[in-house]
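Letters A, B, C, D, E, F, G, H, I and J mark the chains as written, and numbering starts fresh at 1 in each.
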Amino acid sequence: MNPIMSKSDAAALVVAARIRRGVTWAEIAGEIGAPVVWTTAALLGQHPMTEEQARRVCEFLGLEEAVAESLRLQPARGADPALMSDPTIYRFAEALSVYGPALKELIHEEFGDGIMSAINFRVDVSRRPDPDGDRVVVTFDGKFLDYRW
Amino acid sequence: MNPIMSKSDAAALVVAARIRRGVTWAEIAGEIGAPVVWTTAALLGQHPMTEEQARRVCEFLGLEEAVAESLRLQPARGADPALMSDPTIYRFAEALSVYGPALKELIHEEFGDGIMSAINFRVDVSRRPDPDGDRVVVTFDGKFLDYRW
Amino acid sequence: MNPIMSKSDAAALVVAARIRRGVTWAEIAGEIGAPVVWTTAALLGQHPMTEEQARRVCEFLGLEEAVAESLRLQPARGADPALMSDPTIYRFAEALSVYGPALKELIHEEFGDGIMSAINFRVDVSRRPDPDGDRVVVTFDGKFLDYRW
Amino acid sequence: MNPIMSKSDAAALVVAARIRRGVTWAEIAGEIGAPVVWTTAALLGQHPMTEEQARRVCEFLGLEEAVAESLRLQPARGADPALMSDPTIYRFAEALSVYGPALKELIHEEFGDGIMSAINFRVDVSRRPDPDGDRVVVTFDGKFLDYRW
Amino acid sequence: MNPIMSKSDAAALVVAARIRRGVTWAEIAGEIGAPVVWTTAALLGQHPMTEEQARRVCEFLGLEEAVAESLRLQPARGADPALMSDPTIYRFAEALSVYGPALKELIHEEFGDGIMSAINFRVDVSRRPDPDGDRVVVTFDGKFLDYRW
Amino acid sequence: MNPIMSKSDAAALVVAARIRRGVTWAEIAGEIGAPVVWTTAALLGQHPMTEEQARRVCEFLGLEEAVAESLRLQPARGADPALMSDPTIYRFAEALSVYGPALKELIHEEFGDGIMSAINFRVDVSRRPDPDGDRVVVTFDGKFLDYRW
Amino acid sequence: MNPIMSKSDAAALVVAARIRRGVTWAEIAGEIGAPVVWTTAALLGQHPMTEEQARRVCEFLGLEEAVAESLRLQPARGADPALMSDPTIYRFAEALSVYGPALKELIHEEFGDGIMSAINFRVDVSRRPDPDGDRVVVTFDGKFLDYRW
Amino acid sequence: MNPIMSKSDAAALVVAARIRRGVTWAEIAGEIGAPVVWTTAALLGQHPMTEEQARRVCEFLGLEEAVAESLRLQPARGADPALMSDPTIYRFAEALSVYGPALKELIHEEFGDGIMSAINFRVDVSRRPDPDGDRVVVTFDGKFLDYRW
Amino acid sequence: MNPIMSKSDAAALVVAARIRRGVTWAEIAGEIGAPVVWTTAALLGQHPMTEEQARRVCEFLGLEEAVAESLRLQPARGADPALMSDPTIYRFAEALSVYGPALKELIHEEFGDGIMSAINFRVDVSRRPDPDGDRVVVTFDGKFLDYRW
Amino acid sequence: MNPIMSKSDAAALVVAARIRRGVTWAEIAGEIGAPVVWTTAALLGQHPMTEEQARRVCEFLGLEEAVAESLRLQPARGADPALMSDPTIYRFAEALSVYGPALKELIHEEFGDGIMSAINFRVDVSRRPDPDGDRVVVTFDGKFLDYRW
């Protein structure tokens, strides 16, 4: 009996196959008919895939069954803290440090006492052309949950 | 000579006046003709206001000149770390921990090696009606900056 | 214009009045017709009270209007980290450290991929008599939220 | 002479066998006649099993003797801190941060100066059907211990 | 209404009175008929005193009623972390770092799976004369609690 | 040339041999005629053994010469911080947090300005029968060292 | 006898006077004939000023003698850690995280084993016009010190 | 399928080849016609190389294709925190701690509210001869970015 | 009853008086006939003074009786961690990080298993003239204590 | 191509050879004609050795060429933080915490504003016989560097 391959080992193999075969995250997402941010996050180890999704990803990328088994596993979510200081990710954390308290004020003003769910939730990322330089547009879209006893 | 009132003391007075007068952040933003997230962040101490903006906010809220002087001051930006664990703010941090590495992959795939600027940047928050419960939609919109030597 | 009294200052005055008048948290909760854990948490600064609740608590305890104003304020939630090592609170953290991963496994087994909400949520504490020594029984009761894109 | 297999290695093998054989934690618990939360925690490395319990679990899951030897070992208890930020586990920590001080007040009011034992202690988790969405109900049940010199 | 004097402010006044009047901790303990370690810890803010104990200590030391009120308060226990690196206290922490795992092994060997209670517990400190230099002897004496579901 | 086996690897082999042969720490200590707490700490990597002690332990437990070589090595002392939150060890840390400042006061009152040595030092652990449940009694016994320039 | 005004209080008064009088850091530096980065750092509390420098700054800004006394004081150097996450300062820390190991390699290649002194050291900041947007140019210039026994 | 060699493993092989062949960082940079600080940082894992750059470096140093594949990979940027306390790197961090707040003041005075970009950015290091000992001169040169909504 | 003035407040007054009166630490030490490092450390709050020492220091510096009372108090030893990163102090910490493990090896080689006492201990600092620049010579001189059970 | 052996692996082999051959650090230092503290620190990974030094050490200890190659490598300096709490090393850190601020005062009084260099620096350790127990005498001797712009 061997332990199940860790999600980080599976992610490293997915990344290697993706680069060597020259396919994009969007193409992988298309292959399984799922949103691209969700698919990327799942393959990096943040969501469990269904048996069908895991099988099709592994066929598409030429990966062995052990990877598919790992991709189906329920994850322990959260990124490596060291990665949070990578500049591309850090800018989001900095924006949250600057605008987080303002977002809190405005959510309470509009919705009352509660939160934006991070579970009933989706994220999208897109490019918006702009003559001064194209822009990265990231949308966080979560159900409002009010504090309810 | 007295030191300039701290930005956190000024913010506490703005919040007190806003609540006691029963005005919304949107009404204050309207008063100075600025976006509401920017205005809220500025009044909480994250952006300097122009002399005109600071004067009009203080007149609108009945606050003294010392508050206006503080609002014009260049800030040292960033939130109190204790505030980052407030549930309404924490959900954003959690989403970043779950989806940050995926966003990094997709930004690099679409734009190449670089970042979303957190300086040439805007944030918007809105309510999207939904039969299963209305949703909080927050948009991060920053210029792409490529690593360029 | 004065800033609004901080929630921690208001809580200190509520605690002083409660002790000097010899009333219990349950009696205060009864006065406003709210659950006792919710009421205690709210008075310690973790939930906003309605105008009516705040007014009645302050009348009951002989506290000034400035306390009521503070009790109505939207809180920034979360306990002082130093308090988390108090033995009475620490035992809960220790239990979570020992049983948290098992609870995660069992929630996923029973409900699928998701969480127990800490927002649509209630806590109760009660005494269960036992010949070997009475027991503290604390119930966490939160709506299951499944990860849903 | 080899060292005894670590509890985390043994847990990884138990998890792999459980998933590959398609059995539930409850079925394993039934096999050894022990409560399901206790059994899950023990198999994840938080409690020592008796020789009989360890033997029966390994037979049921088809695991080698080295796993059984590890399961009998006295553990050093406590979860990996990284795991505490997994959303499913974090919600308990957040609830404790919001309600911990209130629980402390109410335990002292009802029982006097002391704590809920985390040693003479049990945890149960169950599903409570609810028309607004089923609920996760977790009960912490520990003997009250008064400070006694 | 004033808040109740903090336990640390009360402790500072007890220490000042003790030194200015030239009395020992043992004399204060004798005055209330309680063990000296318990009494010292209580006056430093770690245990609540009864109304009678608090009254007699304040009379003995010439302290005002507000101190007595504070001494009766239920404490949030635990020392300032900065104090733990004072050399006189640090040596105990160092000894625990060196001998803690051995104590754990020997407690389990002698008693089985469980802990020494820190609640049903007492500490004593004494001087043991020794020709090579007198010795500090500190005894931790706590009830064994076995893990019991 | 191979590096010397690490003290933690040696300790893991000692523990495995001890359990598989069914001998107690006290029996090992008896074998080398040394105190049991000292012996246990030494075998867990906190004290160097003499050549004779190391040889006899390895013969008694059937361990290879490489273990004996490691046991003779001068250690870098101190426990893994993760281990300090194991409940059996944590209770000592908690007691130190509650009673440490009182011990400091009483040591200074009795001995003057100085410390209990953690080097010229011994620890003993014993069981004290008690009708309300047997007790763990741990004695820290260190030479008093006065601050002396 | 009053304690000497703290360097941070003195800096707050210097900043207030500078803003209210509408003078630049460069003008203050010119007044005392010192480099502008040095002068700014000194007035923010990082270098002691001579009696003459401190007197002239206070006359120029209309500040009282107590400020001058503080400016002469030997500082304990280093910034408030919270300030290091301000975006304008953080970019330097990020650049150091990305390029620090490369700088170390190149310093050793060019100079051998040693360091750039941060004591025999100067910093300059200037604007370099650029058609794609002006640039901030910061020069660190320190004496090479070789490891020398 | 193997995972792609990690950037730190690739860097270790580059360093080994560089030393064993006796070539300088400048010579490697010359080989690919890129600036020396950029090249060194890229080879240490902080920038992705083009296919052509990676190929030429590996040919020049006699390294296998797997290294080249790793060098082309998009990095997660940032140094190992342990490395930041190496004295040669630490002096930069110390200088930033002493002069960072002054740099912030002067950037705002000269450019207004904004930052020096760490993305549109270059670093140079050079030796400046000096009769009192040669000097290390490091220039940070980044585009000014103003806060722009 | 007032609390005793804190050691840090007393130190701030000693420093202010020393500077305003233009006396050196050595002159103060001479006044009480004690070593200068000991005296400086004591006045900064790290050692208790005798009644006679405290009285003479306060007379010499023109300080009030409340300072003398504080100087006699038993301290909680240890510096503010923020101060440890001041460059003048940090260099000692850096040297310890570089040479600490070597000192440990050499102490064990010369003396056996044990430590240099930090209690039966003295420190001296002196200037040693050197044609290449005078040198700071700091001597740590502590009694060897062997691990002795 | 293999990476160069890490400095910590090389140090482990040096330590093993030193113990197995029964030679002292002083004998190794004598073999290469270098000071003993410098030699020990270099062999533990804190200084690069010359080709000649590395070759002679490896011949003397019977170590392979790969160790010599590692010993010549430029180090990243600094000790493992876990090692700093070993009692033999910690006493130096404690002394620095108690006497560091006094050393800073006295260095400034004697030399002016500056530091003791930790680069142009040497450390010596010796035994000083004393009837009350021999003493460990450690001398830190560094060039004074004044803050010079």
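Going forward, contacts are C-beta pairs under 8 Å (C-beta built on N, C-alpha and C of every residue); 3 or more make two chains touch, one makes a residue touch a chain.
Labels paired with UniProt names: A, B, C, D, E, F, G, H, I, J = Cyanate hydratase.
Note that the structure is a prediction, hence the values are computed from the model and not measured.
Visitor: Which neighbours does chain C have in common with chain I?
Guide: E, F
Visitor: More than half overlap in residue numbers between the two sides of the chain D-chain F interface, or less? Answer same or different.
Guide: On the two sides of the chain F and chain D interface, the residue numbers are mostly different, under half being shared.
Visitor: Of the pairs C-F and F-J, which shows more C-beta pairs in contact?
Guide: F-J
Visitor: What's the chain with its C-alpha centre farthest out from chain G?
Guide: Of all the other chains, the one whose centre lies farthest from chain G is D.
Visitor: Per the centroid of Cα atoms for each chain, what is the distance between chain A and chain J, given in Å?
Guide: 47
Visitor: Taking each chain's centre as the mean of its CA atoms, how far is chain H from chain J in angstrom?
Guide: One centre to the other, that is 29 Å.
Visitor: Give, as an integer number of Å, the spacing between the C-alpha centres of chain I and chain H.
Guide: Between these chains, centre-to-centre, one finds 42 Å.
Visitor: Could you list which residues of chain F touch at least two other chains?
Guide: In chain F, residues 76-78, 83, 85-87, 94, 97-98, 104, 108, 114-115, 117-121, 145 touch at least two other chains, as defined above.
Visitor: Building nodes from the protein chains and edges from chain pairs that touch, which of line, ring, star, complete or other describes the result?
Guide: other
Visitor: Determine which chains touch and list them pairwise.
Guide: So the chains that touch one another pair up as A-B, A-C, A-D, A-G, A-H, B-C, B-D, B-G, B-H, C-D, C-E, C-F, D-E, D-F, E-F, E-I, E-J, F-I, F-J, G-H, G-I, G-J, H-I, H-J, I-J.
Visitor: Which residues, counting only chain I, touch chain E once they are in their complex?
Guide: 1-4, 73, 76-78, 118-119
Visitor: In the complex of these two chains, what residues of chain A are touching chain G?
Guide: 85, 87, 90, 94, 97-98
Visitor: Quick check on the complex: what are the chain D residues that touch chain A?
Guide: Listed in rising order, the residues are 9, 12-13, 15-17, 19, 62-64, 82-83, 85-87.
Visitor: Going by the contact rule set out above, which residues of chain E touch chain F in the complex?
Guide: It is residues 24-26, 36-37, 40-41, 44, 46, 77-79, 83-84, 86-89, 91-111, 114-118, 120-121, 123, 125, 127-128, 130, 132-145 of chain E that touch chain F.
Visitor: Note which residues of chain E are touching chain D in the complex, please.
Guide: Residues 35, 38, 47-48, 74, 76, 104, 108, 113-115, 117, 119-122, 145-149.
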